[in-house]
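After this come two complexes, each holding chain A, first together with chain B and then together with chain C.
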Partner chain A sequence: MVLKRLAALLLLVAASMALLSYAGQRWRPEAPDSIVLHGEGSSFLYPQVQAWSEEVRSTYPWLVVNYNPTGSGAGQSAFIKRVVDFAGSDPPLTGEAWERLRGKVVQLPVVIGMVAVVYNVPGVDGLRLNAEVLALIYRGEIEYWDDDAIARLNPTANLPHERIIVVHRSDSSGTTQVFTLYLHKAAPSLWPQELVGKSPDWPVDYTGRGIGGKGNQGVTELVKRNPYSIGYVEYAYAVKEGLSIALLENREGEYVAPSPEAAQEAARNALGSLPDSPDGDWSRGFDSVIYAPGRGSYPLTTWSFLLFYKEYPGPEAEAVRAFIGWINTEGQKRVVEGYVPIPEELRSLNLKAVEMIGVAGG
Partner chain B sequence: MSEARFKLLVAPPAIVSSAILVLLFIVLLYYSLPAIREYGLGLLASPTWKPVEGAPGEYGLLIPLAGTLVSAVIAVLLAMPLALASVVFTEEILPRGLHRWREAFVSMIDVMTGLPTIVYGLWGAAVLAPLLGDTLYKWLHSSLSFIPLFSCQPTTGNTILTAGVLLAIMITPFIYAVVRESYRQIPRTYKEAALSLGTTRYEYVRIMMGMAKPAILAGALIGFGRAAGETVAVALVVGNTFNMPSCLLAPSYTVSSLIANQFANAQLYPLMLNVLVSGGLILLLIGIASNILGIMYLRRVRYVA
Partner chain C sequence: MPDWRRVKDRLFTAATVALALLAVAPLFHILATVVVRGGSVILRGGVSFFTDPPAYPGSGELGGVGPALLGTLWLGLVTSLIGVPLALLTAIYIVEYREGRLARVARVFTSSLLEVPTVLIGMLVFLVVVVPMGRYSLAAGSIALAIVMLPYTVSYVERALEGVPRTYREAGYSIGMTRAQVVFQVVMGIASRGVAAGILIGVAKVLSETAPLLFTIGSARGSYPTGPQSLLEPGDALPLLIFQFAQTPYSNWQDLAWGAALLLTLIILAIFTLLRLLFREVKL
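The block that comes next holds the complex of A and B.
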C-alpha cells in the first residue's frame, strides 16, 4: 500500500519535473537563443560587471552575463581549470600561469580603480602623507598623530597628541596589494619586498595598535567609528561614506588627491610599460600604474582585468566578441561611480582582442 | 504500514544524517593532510602567519587557536552567572501568580537562541565594541593595569575581550535552556524536603543548584563548543590581527574568524587552503569533544532525577 503510494508520488514528481523543464525551455524569460556567459572572480569588479551585464542587453538582448564575486584568487583558479567562460581579477595572471596558457588567453584591463588613504582625526582636513610616513605608521614606528614626521608634511595642521589606530584589511585583498606595493616602490628601505602582498604580516599588529577589518566595508566602519584611526579603502567607499581622504605624494613630489583625472593621468603614464597585445604577458608591466610618473598622477591607482580564452566551443565565441567590443566602446561610457574609464589608448589595445577570439577547431 | 516497511523507510535518512558527520571529518582530514605533512606540529605551535604567493608560506595557527580558547573561556565564565541567575529568577523569585510574565521572559530568552548570529555581530560592532572601548576598557587599564591581562593600553573596542563578552551574550540562552530544563525536572519531593528543613531561599537555591550540577557542567561545555565555533559575529569584533591574546584589551584572532577572512583568496597561496581546513578540523574536534562531554553529563542528571 505504502509502496504504491510512494511510487505514485514519485511518478507525479517526475512528471511535473519533466513538464516544468519543458516549460522552462519553451518560456525562458530570455530570447529563444540567448547565450549565457559565466564568469567569476574579483569582488572589486563586481558592481561594474553587474552594471555592464544589465546594460549590454540594450545592444545585444541575447547576451546574458552572470558574474559571481568569489575573489580574484578563486576567479583565476576557476579560469585555469576552465570551469568559467571568463574571469575577473585585480592582478593579471602570474608570469608562470601565463606561460602555461600562452597563446590561449587574452587579458584586458577594463576599468581603473583608486585606493584612498582615509583617516579620522577631528579638525584635520587635507592631511598630506608620503610613502615614508605611511610605511612608518604601518610598521608601528610612528605612534602619535603629532609625530615630527607627520607635522613636517603638515606644518599648518593642528595635530593632536593621540595614538594612531592603524586599520588594514584582514582578508587577503588586491587593495592591500596596491597599497603595500606603493609603499615598497616609493620607500623601499622602509617597506621591503617581503611586506608586499595581498595579506602581508603587518608589523604594526605586534604593537597592539593594528586592527583588521574584513573587506572595504569593514575597514570603512572601523575608521568611521574610531577617532584617530587611519586606513585605506577603495575610492568609491571613501566617497560614499564621506571619510576624510589624505593627499599622497606622487613620483614628482606633488601631493595629489584621488580623482578620475589624476587616475587617468597615472594610467596614461603607465602605457609605455604595458605589453602591446592583449595576449601578451601582463604580469610584469601591469603595476607600473602604481606610483606612476607624470605630473598630476595619483600614486595609488590600479586597474582590474577581465580574462577570456581565445577559443570557445560554439556560439559563446560570438558572445565574447560582442561583450569585449561593447565593454571597450559603449561600456566605457557607463562606468559605475567610483571607477574610472580607461584611456582611449587602452581601449584600442583591448579591441585587438576581438579579432583573436574564435570558435574552437574552426 | 507494516513494521518492516516502516523500518525500511526511516533507516536510510537516519544513516545518511549520521554519515554526514563522518564524511565531514574524512573530507576535512583529507584536505588537512598536506598542511599537516608540511608543517607538522608547527601548525599548532607556531605563531607565524606569513602568506607567500607562489610558494608555501609559513603558517602556524597558535595565535588563532589561543584566541579561540581565550574568547570561549571568557564567554563561559561570563555567561554562567548570567544564565544561573536567570534560572533562579524565573523559577524561584518570580511570584507564582505572575506565570505569564515568566513565560514571556522564557520565550524571550528562547528567541535569543534562534537569532541569526550576524545580528549579534552587527550589534556588537556598532554598539558593544565602541561602548566597552570608551568606558570599561579605559577604566580596566587605568585602575587594574598591574594585572598582566589588562596591562596593554586599549586603542579600540575591537578586542579579544569584546569577542568574549559578545559570545557570552550569545551562549547565555543556551546554558539557560539546558539548566532550566533539568532544574524543572528536580522531583518535587526533593524540593519539599529541602523546604521542610527550614532553609532560607539562598540555602534552598544552593541545594537545588547542587542537584542540577551535571546540567550546569553540560551547559558550560555546550556553550563552550558553540563559542569556539562562532564565526561571523566574532570576526566583526575581535580585531582580526595576529597578536597573542595575552592581554585582553588588544585585538587578536580566532580560528573561525581567520577562516572567514582568508578563505575567499586562499587559492592564491599554496597550502593556505589546507591550513585553513586543518583549522576547521580542529574546531570540529573541539566541538565534538565538548558536545559529547556535555551530553554525557546531561545523561547523568536525567538518570538521577
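The block that comes next holds the complex of A and C.
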C-alpha cells in the first residue's frame, strides 16, 4: 500500500521531469557534439565567467562552459586535484604550488577589478582620501569627520563634527586583502604587515566604532543605512547602489576616482614586474597592480586569473584553445558592468597560451 | 469585586497567544516577502522563468532557472531512490530487530548524524566520490543529500513503527506470518502515514539544502540534465542558485534568486499537501 503510493509519487516526479527535459530541449537545443568545460573558483569572477559562457556560444555553439563559484582557494585545490578543467582565482598560484606544477599550467589575468572606498556623509561629494588617512581611520585614531587630517585633503568640503562609523568585512575576503595591502604599500609605517590579510584584526574594532558586514552586500547595506560611515566594496556594488565614492591618492600624488581608464592605466604600469609568459611564476609581482605607479592610475586596482592545464585528454584541448582565444579577443569587448577589460598588452601576452595547449600524449 | 482568578487566567491566555504570534511573526514575514518579491518576478518571467537559463548578469533581461529546477527534481528523485530504502530498512532494523547489539549502535550513529554540519557531509562526498570520479555530478550531490536525509527519515519512521501496538504483531504471528511478513504487511500498513511523513519530510528537508551541494554538483547553469546520463555530469539546483545569485550585485540575478525562492517554497508546500492527500491516518 505504502509502496504503491510512493511509486505513484515517484511516477509523478518522473513525469514532470520528462516534461521539463522536453521543454528545456525545445527552448535551447544543445549541439549534439558539444564539449563541456568545467571551472571553479573565485566568486568575484563568477558573473563574468557565466556571462562569457553565454556569449561564447554565438561564436562556438559547441562550447559549453560551467563555473562553480566556491572561492579562489577551493577553485585552486579542485584544479590541482583535476576535478575541474580550469580554475578562477584572484591571486595566482603560490610560488610553492607553481613549482610543483611547473610547466604544466598557464595562468592568465583575464579581467580587472577595482575596490571602491565608499562613504555616507550627507552634503559631501568627491571626498579625497589617501592611504595615511584611511590607515588612521581604520586604526581608530581619526575619530571625527572634521579631523584636521581629512580637512587638509578637502579644504572646500563642509565636513561635519560627527563620529566616523568604520565598516569592514566580517568574513574572510579577497577584497579585504586588496584593501589592506594597499594601506600597507602606501603607508607602511601606519599599516604594518601584520594587518594585511583576508581577515585582519581591525584596530578600530577596539574603539567600538568598527562594524563588520558579511560580503560586499553586507558592507554596502551598512554604509547605506548608517550616516557618517565609511567602507570598502567591489566597484560594481558601489555603482549599482549609488554610494558616494572617494577619490584616492595614487603613487604620483594625484587623486583618482575609480574608472575603467584609471584601472587599465594601473594594469599597464604593472606590466613591467610580470612574467613574460603565461606559464611563468606569477606569484611574485602580481600584486604590483595595487598602488601601481604612473599618472592617472587608480591605486585600488586588482585582477583575477584563469588557470588552465597545458594538456587535456581529448577534445577539451581544442575547447580550451578556443575559449582562451575568444576571451582575449571578443570576450574583452563583452565585459560585464563593474569589471574592466585588460589592456591590449596583456591580451597579446595571454594569447601566447593558445599555442601552449595540446592533447595529452599528442 | 472582580474575580481576580478569572482575570489572571485571561491575562495569562492573552500573553500566551501574543507570544505565540510573536514567535511565528518572522516566519510569516519571510513567507510574505518571498511571495511578494518572488511572485512578481515569476509573473514577469512567465513560462520562460521555468525553462530558460539565467540571462546575462546586469542586463535588463531576466532569463530563468530551468536547469536549476530540473536539477532539483533530479536530485529529489535520485536522493529518494538512494535514501528511502536505506532509511526505511535502517529504521525497521532498529525497531523490529532491536535485540541485536548492532541495532543499538545503528540508532546512536544515525541520530548523531544529525549533529554533523551538512557542509562536512558535502566535503566527505567530495573526497570519496567527486575526486575519484574526476568531476562534479548530480549523482554525487544525491549521495550527499541521501546522507543528510538519513537521520531525519530514520527517526520519523522509527517513531511511527514504535507507535504500532504490540498486539498487532502478535496477531500476525498467530496466523503463521514470518517476521518479515509481519513487518511489511502488518506494521508498515498501520504506520503508513508516519512512514510516508518521515520520507517526505526527509525529501523536503534535503531539497532546500545548499551546503551539501557546494562541493558536489558543480553549479553547472549552462546545460540541462535531460536524462539519466546527465546524472554523471555536473548540474545545478534551486537552493544553490539562490545562495550564489543573492550574493552578486546584479539586480536581474537577485530577482532570479527571489523567484527561485518562491518556486522552492511552492515545491516544498506541494510535497506537504501531497502528504496530506495521499496518506490518511489509519484508525486503530
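Heads up, the rule we're going with is that the second predicted complex is superposed on the first by the 333 of 362 C-alpha atoms of A that agree within 3 Å, B and C clash if a C-alpha of one lies under 4 Å from a C-alpha of the other, contacts with A are read in each partner's own complex, and residues count from 1 in each chain.
FYI, a residue touches a chain if its C-beta (ideal position, glycine included) is under 8 Å from a C-beta of that chain, and two chains touch if they have at least 3 such contacts.
Note that this is a predicted model, so its numbers are computed, not measured.
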| item | value |
| --- | --- |
| Touched partner set for A:Ser170, first chain B, second chain C, both or neither | first |
| Of chain C and chain B, partner touching more chain A residues | C |
| First, second, both or neither for A:Arg209, with chain B first and chain C second | first |
| Touching partner for A:Ser277 - first (chain B), second (chain C), both, neither | neither |
| Contacts of A:Gly338 with chain B and chain C, given as first, second, both or neither | second |
| Chain B versus chain C as contact partner of A:His38, first or second or both or neither | second |
| Touching partner for A:Thr70 - first (chain B), second (chain C), both, neither | both |
| Footprint overlap on chain A, where chain B in one structure and chain C in the other make contact | 1-2, 43, 70, 74 |
| Contact set on chain C toward chain A in their complex | 48, 50-54, 56-58, 66-67, 69-70, 73-74, 76-77, 80-81, 84, 130-131, 134-136, 188-189, 192, 195-196, 199, 214-215, 218-227, 233-234, 244, 246-251, 253, 274, 278-279 |
| Chain B - residues contacting chain A, complex | 1, 5, 9, 48-54, 125-126, 129-130, 152-153, 155-156, 158, 235-236, 239-243, 247, 250-251, 257, 260-262, 264-269 |
| Residue ranges of chain A touching chain C (in the complex, touch as defined) | 1-2, 5-6, 8-10, 13-14, 16-17, 20-21, 23-25, 27-28, 30, 36, 38, 40, 43, 46-48, 50-51, 53-55, 64-70, 74, 81-84, 215-217, 234, 236-237, 240-241, 336-338 |
| Chain A residues touching chain B - in the complex, by the definition given at the top | 1-3, 43, 70-74, 76-77, 94, 96, 163, 165, 170-173, 194, 197-202, 205-206, 208-214, 218, 221-222, 225-226, 229 |
